[in-house]
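Labels run A, B, C and D following the written order; every chain starts at residue 1.
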């Protein structure tokens, strides 16, 4: 038996994931987590998309240990460091230039996604002189007040303590069903001088809404959204914090869509090692910041520079990794579709893109029961969605096919058990 | 010659400290920074108070490397981990219990000071049902919108892009001079139902204002402030992000004052190693969070747990370290007073507490010129204050007396040169 | 020639209607305005719906002169007065009780529609403990900051000087065309805990949007809206400031729809004489105001009490007046439809309800040119709508059939001339 | 016995003054109110400063009746009218030009003080491009959200339902006692870039705070405030809604102080007859409004134009009236000082300026008991102040010396009785 006394006594009741996974983890490698008692779990959560390259990837780990051993500078505010220079050079060479983003610059914000979003919104408002921002239903952008205003989640919004202002909410792609064109709706509202929607500085959008339930915008919708931004002179901010770093099969989630966001926020898997790190990428002309206007103590996390640069070199200098992600994504999706057809042909369906896929259940209770059952059998997996109704797979992109097979076998059994119970309950 | 081309091309113009220190740092140890070209600098900035135990402290470094080698879990959201358990146990045993804070709990917020402040303000508003917060002139609490509303700095506020609301600004201790009792003023405003100051949820205060210019509140003022909070049923939030972790000679900056803040925010030197980490400490009764109400991807940075626990064991299990800080603080202050008397008996004066001291100059241009001159001679040192007029010493608490001597000799010469030039300029 | 020197010298450039009607009016009677030079105009503007009973109605005028001659109290803040008592008794007997609103109470707000809206929104927020309000595209509720937040008009919003907060904008009936069910959209957004639309205190709606362009909600839409309010525990506020007092053919604009708003705001024609007057009508249970929580110097305008009571007695104690309004409304609509068919079968169409009707033109320039031409021929008429594209008839409800005929003959000619010019312009 | 059933049944519980004066008023003339039962009261409330020329002044009444009989236009939005022209001409000739305000223009806002304040704040923000406004402790500027943000009263603020933003609160003259220079305090805060007080668009100030408790700023303080505004490029808005129109012995309350506010708001006694009316007066250069940016249905109340012009002609074309006000003010003050010395030499003191004076009592209960006792003996008088502790005299400026004598005799007796009871209570 584990003993959680220390946590219950000293840690705030706000703790959350630990309630779904009541064990104490100690070690981790690749797609595997190990508890203090030696029990092993396959990780289909991966830090909510933070561990795209798995836990403690040996190449990255080696680079970090070497940096530590050489007394490489760890913390230096936003002073120049050799590690930062190497990251900049690598990111520019490996990511930006090949994808046509050579004329973009990088801001190192405080090392959290929320902070990158706060910086991006400030910049958009500064550059345009407007205060309103468009964000979408079911969007998630962080919990600090500026980012929270753009977030849809009512549980988080309810804890704000102050009204959340200067954001207009719009329906995401397909929010009102496949036959309702939400871009036209926005266009009408923005073209109407009496609609009550003040001219926005920017639109902030996730190409795939991770927390919102794996809602994936189509390439066509994204292209229309970009056009809408140009028409109404709004900046397009792609929040690629969860969907970026290869999760959808390409480095950026939007790169095959033929669009060019004005600003991109990245975090989560950017360090490659689970280390706090976040950046804002912006078109050169938008870099109208004055020195130090937005700051933060940890905006230069050199350990993250080291592992991030190593990850970029290792995974992104050719297209092997991307192809393997696409292949695994296909594999997982097919397996999930089989599960859905088998256990709920009318009630279960698969959502998402790349290796950011899941199965939507009739309600949150069922989804939660399935995750609980899976955990009991060795699989760490969580729900997402506005009603927590989606069983979400965010496993490391480096996971092996064997691990995928094992995990989905567990998941299959969990669906079988819970869906059967649900039918039994309905009958009684 | 250094070459900053990579930074100038790829990093946003928002970069700031690097403009004062135009070199590329590569390694660091203790109180010493080393550039890519092998040039050595004494560090009187220390990550703006983030490196109280110096760069790459060997004990902490060893613990971190060992953790890495054993594949200790790096990132696990807020799941239970052995490293977190050890941190909780150590912090409780070494810090909270001996100081009478046994009935306090810890929230792991996103790993930045701003995020800890955002969480603290949310909690205070939730618990009291009020939205107004009192913060002080020259206070600094971070740059995300919620924290920024409480921050005084106009440069940062000006970049908000939206009005900063739900905060009432009050004069800090001695803001209007030594003869004006700012506590009485607040009491009058808060007791007057028509003052226009809505009943606050909380007061957020730095015991020493680091960014604000090393303004140090007296024990008496802090005690009166605590009483004022009790009288008007406001929570007292001590923002100990910069002044905590031993900087003033005790772990908390307020612990010898006989007060008990309701909520304490900590970050910066908490990890001991410069790693992103932040916590909110609250009285048990105030822990009214529901699970997950405020969240963030990096709220469980296990590397920081490891180094933080090691630092607590190494520095805080007896009073040796605290005493040495007090002694060094005294030494630095005396040397600074000599400098002040020598180069500006009427215009320079020493400010601050413990090892958080500095010399106030007639204006920001002089202070800036002194820092520039010092840097040219091997000392990294920065200004603070509302007019950037204070030359601020925030060296590692672990600095040697020799290093102090060397640094202050450089500083003495810098003051000599710049103050002489200033007199010459005024004469001409 | 008129001479406007005094106005141009001493009155702010904000003056507006006088620019469309550059004459100086001196006297007025019924539906007729007379300038200082004796020129007569038919009034199809009627104080933007403030003069439903015409100018200086003899019965009301007599009552007011008599009150003045007897030194009836004019101003008494919200003290009890005989005139107020008579108004309350009359309004209750003649309006509220016969329409099933016996259990409603009246608040005398400051004597402007905006003030009534401010009071209604405050009350809804107080009673529900929520801050969000739903208002609609093209809605108009006033220009004070609280009311302006609910108003859609961008010209007015742009002059706010501060962000307008705590309002979520929703599409009005048929905003996205006749085939899009905007009630279902709202229901989806309000049922989704992650939509980002915070639970509203209330919905504020105009049954016919006067300023917004004579958009008329159907009875079915209004009934569904009422149901939506019940489902999501939002209060329903009917802003009947422009559409009320008989304008649509019944006293309240919604009374034949079978709905019961929780709160009703009234002003404009309420005094019957063009005197400043406004009230908030609320279900008894919602009257949770503490004495004096919302106040204002002129919230007891006794002159308005006198004329309002006289108007209620004269016009509303039987159904003759209502029937005549319905008949005239039908007449005007038919004439307008003829005009539309004649001069623009594909581009002109008639909008609105009762005696709140108009002709929608292809654009605001055409509509404006038509009004200008009509004015040159003796008709005061204005545009409304998000692009000022609707030529709006708001003539006194007491207008004679002869005056209607004369006015519409002028209008017919104006359409003929301007539409012909437009075709000529397009051809060239 | 009066019967208030109609009010209790049909009027909202928000009704306020009627609770202090539980009678039904019917007629009024000069300084006298008459109930439905024929009981007569002297009016020391005068519509909270709205009836400076008394009730139903015969000259004004005659002008209004004549206007009515001639079918003068009553309501015309902001169209040109002969009555408005006459008011503009008269106000300019009689008030503005002789006082050196020839280069000022007039905006007719909605006919309430709150609306004039809303317009003034919008204009100041528009002209300066800043959003922050400075207002003072105990200031009262109205209850609509924009004006309420500037108001100090907690009872009203508490009913806002939304946070009140974009206003910084400063201590009024002598707020912290006679020895504390509140102008210097403001200067320090505004000169300090890190004070947290964002650069204000304007300062809004009452020269005498009526609702705030008859706090009167000295000429010196006002002059320094004007200088402060020039130094920090803030506009100076004088809210002369209660203190203007002769109340202090001159038309504007500040005119003998040698200052020139940039913007002046007026209402209350402006019509002279208790009719709703409000204006914003602004320096020509500040009139940067676009047509119709701030509007309102009743912004052209022609009845008020008629009585206002008549009042200006009658009272302000020579200095007789002003002198008589000064003399009566002196008389009332002397009588009040006698009362204070007699019944509470250590606890009662006289406050205010001109005919806006009162006696400050130890607390609100005493002040309220005195007003109640006075009412029982035929005097309508109310309290003001942050604790409702000031018995306030706001009688008509046209009151006779005999009426003053009679009223103060009643007041004397009321003080005698209540103060004696208070002493008795304290002894027991």
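Everything below uses one rule, namely that contacts are C-beta pairs under 8 Å (C-beta built on N, C-alpha and C of every residue); 3 or more make two chains touch, one makes a residue touch a chain.
All of these numbers come straight from a predicted model, not from anything done at the bench.
Between B-C and C-D, more contacting C-beta pairs join the chains of C-D.
Look at the CA centroids: the one farthest from the centroid of subunit A belongs to D. The distance from the centre of subunit A to the centre of subunit C, with each centre set as the mean of the Cα atoms, comes to 49 Å. Between the CA-based centres of subunit B and subunit C the separation comes to 58 Å, rounded to the whole angstrom. Here the spacing of subunit C and subunit D, counted between their Cα centres, is 31 Å. Residue positions 131, 155, 162-163, 165-166 of subunit A are each in touch with at least two other chains.
On subunit B, the positions that touch subunit C within their shared complex are 162-163.
On the subunit D side of its complex with subunit B, the touching residues are 131, 135-139, 151-155, 157-158, 163-169, 171, 175-176, 180, 185, 188-189, 192-198, 212, 385-387. Touching subunit D in their complex are the following residues of subunit C: 2, 4, 6-7, 9-19, 21-29, 33, 36, 45, 47-48, 50-51, 55-56, 61, 64-65, 68-82, 84-85, 88-89, 91-92, 105-108, 110-115, 118, 121-122, 124-126, 131, 142-147, 149, 155-156, 158-162, 165-166, 201, 267-268, 273-276, 280, 282, 287-298, 301, 303.
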